[in-house]
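Next up: some structures, all given as structure tokens.
Each of the two complexes below includes chain A, the first together with chain B, the second together with chain C.
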Partner chain A sequence: MTTTSAAPRQTVKPPAVRRSFVERWLARIFLAPTVLGMALFTFLPIIASLVLAFFRWDIISAPQFVGFANFASLAQDPTVRVSFLNTIGFVVVAVILQLGIALGLASMLQARMPSWLRVFLRSTFFFPLVLSAASVSIFMRYMFNEQFGVVNWLLSLVGIPAVPWLTSPAASAAVVVLVYVWQNFGFSFLLFLGALTNIPKELHEAANLDGATGWKQFSNVTLPLISPTVLVASVMAIISALQVFDQPYVLTNGGPGDSTRTAVMVIFESAFQQLEFGKASAIGLVLTVLILAVTALQFRLSRRFVFYQ
Partner chain B sequence: MTSEKTPGQQAPSHSLLSSSKFSQLTRRSMLGLSGLALAGATVGAWPRLTGADIPGRGSKALNIAILGTAADAAGRQGLIQAFTAAHPDIPVQLQAIQGADWKDFFSKILTMVAAGTPPDVVYVATEGAQLFADKLAEPLDSYVRRDAAAMSDYFDDVHPSLLEAFMYQGSLYQLPLDWNAANMYLNTTTFAQAGLERPKDDWTKDDFSATLRALRKARPADFTPYYWTNRLFGGVVPWLYANDTSFLSETKAPGGDWLWDRFYPNDPARGTRGGGYQWLAPNAEDGRVVETFDYLRELVAEGLGVRPESGGGNALVGLFGNNRIGTTPAGGYWAQGLHEAGMTADQFDVQFFPRWRTQRHQFGAAGYAIMRTAKDKDAAWEWVKFCSSREAMQLAIPKPNTTPTRRSMVNESFYAATGPRHWKVFYDTLDRFPTSGPIPAPPQQAAVETALMKNVSTAVSGSSADVRAAMGNLQRDLELALRRNS
Partner chain C sequence: MSSQTLQTGTGKHSGSIAETPITPKPSRSRRLPAAGTVGRYAALAVAAALTLGPVLWTLSTSLRTPSESFNLPPSFLPINPDFTAYQEVFKQINVGLLVLNSALVTGLIALGQMASATLAGYAFARLDFRGKNAIFSLVLATMMVPVQVTIVPVFMLIRGMGLSDTLLALILPAIPTAFGTFLMRQYFLGLPNDFAEAAALDGAGPWRIFRSVYVPLAVPGMAIVGILAFNFHWNEFFRPLILTISEQNFTLPLGLVTLQGNLGTGSISVVLAGVILSMLPALVVFIFGQRTLREGLTAGASK
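The block that comes next holds the complex of A and B.
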């Protein structure tokens, strides 16, 4: 048995790019508004929220330091508990639907069809995303009205009795998910469309020659190749869904009962309606930690299913 | 690493243009600089908003905030002109703040307080009266006492119950200018279809149920006999009041004699007047509260009443105008809305809320509150006092889109163009049922309303047994809400 000694690793330094004095300052000047904006409107509020979580403050009176009392009160508040459970349930259902529908429709657009139809469908699928969530929700509230809504009227034409869309816990949760997914799948759809378009045709042709068709080809060729995009889309979808507010707020105002109340809704209600800014900050911090944990877990798990070319 | 000067090399100039660094300026950098300069020049020359444009900031004018749109503010220009004519030394700036409801409006006012730009005077409804009295508003007692002679005309014309709604711990915080009781609106077209007459003044809860059944029989589909909304005004509360109970225990603070003795010595209900309402404890598990919720649950289950979350406000006017609603609780503010929706004066009417154990009504009112932070409180009082005058109230309320608090303004001519025929019901509510009370709105009103609304949903959606469980949850939520510090 012979041993070979590994050759000493040589580090190759990339050629230094010399920037002129003016270019360096120009870069700083152009970056400054963004950095300043981030500092003022992102980092400062995060720090303020972190500090505020340890105070009781109603805007009007001076803040009172209360230690961990705000966090302790969260555990005892059934509305907060329910809202977090609702949010997690919402994320699971909405994200699976959103990514599934987006991937399905993006794959469908890969099929042969006239280019005008492809453009039309692409625009149609993306269109809801550019609408205001509040406007869409107001419109949908009329559509799903139990007595006078269009949806129940259509159902009545085929003999189906009126469904209490927004006034029964199960149906209202379903409507909130439906409206949210309808409005948001367009973004994931565009990401998937881009990823699918970039897969070299030869790979599918080779798979065809090897006899892989349909689901086999999708699961063994397509999915691994777009897995980085799936990761990005799922991370963004989960973060966005964890912060859902507009749709449940406008459609159901969190009801019936607490059935569609989400974590961000409770933050809004605590801060701007009940004037408990400390409690709202504490909920916000818990939600931030949850988002960070879920995102970190996704990246950790991604090592197993994401394949980079 | 330091650079060394080689022989013959010129000393670096301190001029930027002649610097060697500047001489390295690429075409791209040059274009960037030119763009920056152009953008700077454009931004500099463009007319734009600055901090000084924020109403109230850097201005000595009396800054008055109302709930509404810019059009609402413009609609009060006549009022401002009249005030300016009477008080040329007090400049006034009216700021309309948009919001979905009063809760939204109060949140925005509080945000302005936090931002350091609070208005001097705010138009506050009953929903926020105690929040403002507790935290933000200046008592009017000394001003009212000082100008008692001038104020007599106002108090002589305004029902004391409306004043009592704005008393807090013995002090008066607002002069109510408009108000509305939860009366029952009747769609006369659908009543005629069902062969029904306008109910009697003392109709009961059972008469009401029978009326709804008759309306349902005449219009089996695409129609709601009773439409109600899930909120503090016009929701479950009028039924609770009619059943001589409430979801919060109602007491009265001591004090207030200075007002009642001076301005309302002959008030038949003088013995019951106090220093303002107090809602200090939850009362959701009271037997009558459970009974009331169960009655509403039965109406929903029987298809006579809509689930209260189904909507309200704007949609409701349209649906009522299209004869798809038989009855709904609302105040005088609806007369103008229905008129604008195309209903003629004889297509709708109004009656007192039905009697249960009592025929006590619920009402809400609104008026200006002076902020404790007001720059010039005396000037603010002059505005409040002026707005309570008959001249000002006629300018502020030219149409029946609310009920003026001055009894003399609620007359035949006021409702001539809109109806309803029995417009007298609006003000008679207070005279016929003097125990009628305001919306139960303690300083923690927002949390209380949220607790009520979510449990109303649950209570009226299940079985009779579920009502008691829902009231248990409401009791718990209210305890939490009332424990809050605001």
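The block that comes next holds the complex of A and C.
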């Protein structure tokens, strides 16, 4: 009896000390794969990119220091300039469409309906997310074919003449946006669905009693309540749209002309086709700065406009 | 007769109970007649058709004979399925090897992420060490670095390591995962502390507590990490395009683009059969892991 009551008092201190020592080492071992891996495959490459951006290098001959020449040439290089304009235009249109469609569909699913239907629709809208962008782009390429594509056939049913979807600059840009949005709206949709479902029912009922319906209720009650999600969804949509590559690469390979060439496509082409690794790094850094700016803006905006409960 | 009246009676009764407390709602939906509802269902039906239509068209066209695949009107329902296009895919590209490569790359990445994220997530959630917050912030910061920025140095690093054009070049860089680490940390933080204390009182050391108490509890969290990793890397196109050179190291998405390149617009059904084949594993994961996948995808956004 006396030994059991004395035992904890004796053993409490030494194990605690030993445990913290063991814990420290355990933590180091546990973190090693992730932290060393990131050091090697993320942080080291970032530093290398920062350095490389100031060199001209084709892997074969020795790197040559060129100062800011890579960055200066970006502004003058028409392909780079066009690709960044394309990317920004793409981001604006694709993100607005993606968020609009997602929010519209998510709020329509809030209405009363059989639960099997809700589950079916939710799964349907979420489904394209699990497909690969490459395979989606492949089948969409056939669907948008000018002569035998199903899209033009459907349009012909309502008397619209064949559209050269992939061979005219404006139409091909539209196809890239449509295919991208088709595949990705489900992500914003899931975020909005979660946010809308979390709104307490009483709030809408109260607004109903006060006479707020339809659009008024949506803009004065729903939207403020889901504003944190709207912000997060838009930032995530912008960041992922800034990195668009698979769809334009497979659908149009940047053409016709440079009409669907995006920033990431130019990184890929400069590095692995033209062997201008310094230029590719410089473009990559500009893109990173854009992404960081969007993220910083998110923090700014969330302080000012977002309504937190 | 009597049972019928009883039924209608109870039906009316329950109906009136449901209606009384929320009178404004039914009356409003009756006043704005079915117009809103019809419009909503029409919009949802169009959206669902536009979402499923392309996939259905792909499936049904892949089941046409190569020569019929151009025929208009296009088929939306596979009426007379014909599998010659599928046979042709196996002749054109080495489907077995592509599937094996994809499975190997995706499987090892998923396992590697599950293991490394569980270890690191546990360390961040439940172990004490100096610089914990700083290191955790650094890990999270890597989520904001787009893959395109690091791809050139990673490509050179892989060359330097002598792993150029190997499957390891695809696997190793993808194993450290900031998002997975974050998910597992959240998961471990959500588990009660009592078990650890009880185990410690029984004399279990930190390793033992991790191994015997928390790892078994963390399995659902690890499944989220694994399924997300599977979905992402099975579909990945950009890194394999850069890091593999020879066709024997291609993964499925690259193989498909090659197939499309080989055939051009010569035979739609064959290319689409390849597309359908490549979707099958993703489809299986979607059907069985839908909930896990959904929760995993949205987990990062609602922190």
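Everything below uses one rule, namely that the second predicted complex is superposed on the first by the 276 of 309 C-alpha atoms of A that agree within 3 Å, B and C clash if a C-alpha of one lies under 4 Å from a C-alpha of the other, contacts with A are read in each partner's own complex, and residues count from 1 in each chain.
Going forward, contacts are C-beta pairs under 8 Å (C-beta built on N, C-alpha and C of every residue); 3 or more make two chains touch, one makes a residue touch a chain.
Because the structure is predicted, anything quoted here is derived from the model rather than measured.
On the superposed chain A, the positions of chain B and chain C overlap enough to count as a clash.
If you count the residues of chain A touched by chain B and by chain C, you find the higher number for C. Within the superposed three-chain model, A:Phe41 lies in touch with chain C and out of touch with chain B [touch as defined at top]. Contacts of A:Leu166 after superposition: chain B is touched, whereas chain C is not reached. Touch criterion met: A:Gln273 reaches chain B, while chain C stays clear of it.
In the superposed model, A:Asp246 makes contact with chain C only, not with chain B.
When both complexes are overlaid on chain A, the residue A:Tyr142 reaches chain B and chain C alike. Shared-chain residue A:Leu301: touches no atom of chain B or chain C.
Look at A:Val22: by the touch rule set out above, it reaches both chain B and chain C.
The clash between chain B and chain C in the overlaid arrangement falls on one stretch of those listed (164-172, 236-244 or 308-316), that is 308-316. For the contact definition in use here, the residues of chain A common to its chain B contact set and its chain C contact set are 20, 22-23, 26, 29-30, 59, 141-142, 145, 148, 272.
Contact residues on chain C toward chain A in their complex (touch as defined above): 22, 24-25, 28, 37, 40, 43-44, 47-48, 50-52, 54-55, 57-58, 61, 70, 72-74, 112, 115-117, 119-120, 122-123, 127-130, 132, 135, 138-139, 142, 144-157, 172-173, 175-178, 181, 200, 205-207, 210, 231, 234-238, 241-242, 252-254, 256-257, 260, 265, 268, 271-272, 275, 278-279, 282-283, 285-286, 290, 293-294, 297-298, 301-302.
Chain A contributes residues 20-23, 26, 29-30, 56, 58-61, 77-79, 141-142, 145-148, 164, 166-168, 252-258, 261, 269, 272-276 to its touches with chain B in the complex. Residues 21-22, 24-26, 29, 32-33, 36, 103, 107, 110-111, 113-114, 135-136, 224, 230, 306-307, 309-311, 315, 319, 324, 444, 446-447, 450, 453-455, 457-458, 461, 476-477, 480-481, 484-486 of chain B are the ones that touch chain A when the two sit in their complex. Within the complex formed with chain C, the residues of chain A that make contact are 15, 19-20, 22-24, 26-31, 33-38, 40-46, 48-49, 52, 59, 101, 104-105, 108-109, 111, 120-121, 123-136, 138-143, 145, 148, 150, 153, 182, 187, 190-191, 194, 205, 208-209, 213, 229, 232-233, 236, 239, 242-243, 245-246, 249-250, 264, 267-268, 271-272, 277, 280-281, 284-285, 287-288, 291-292, 295.
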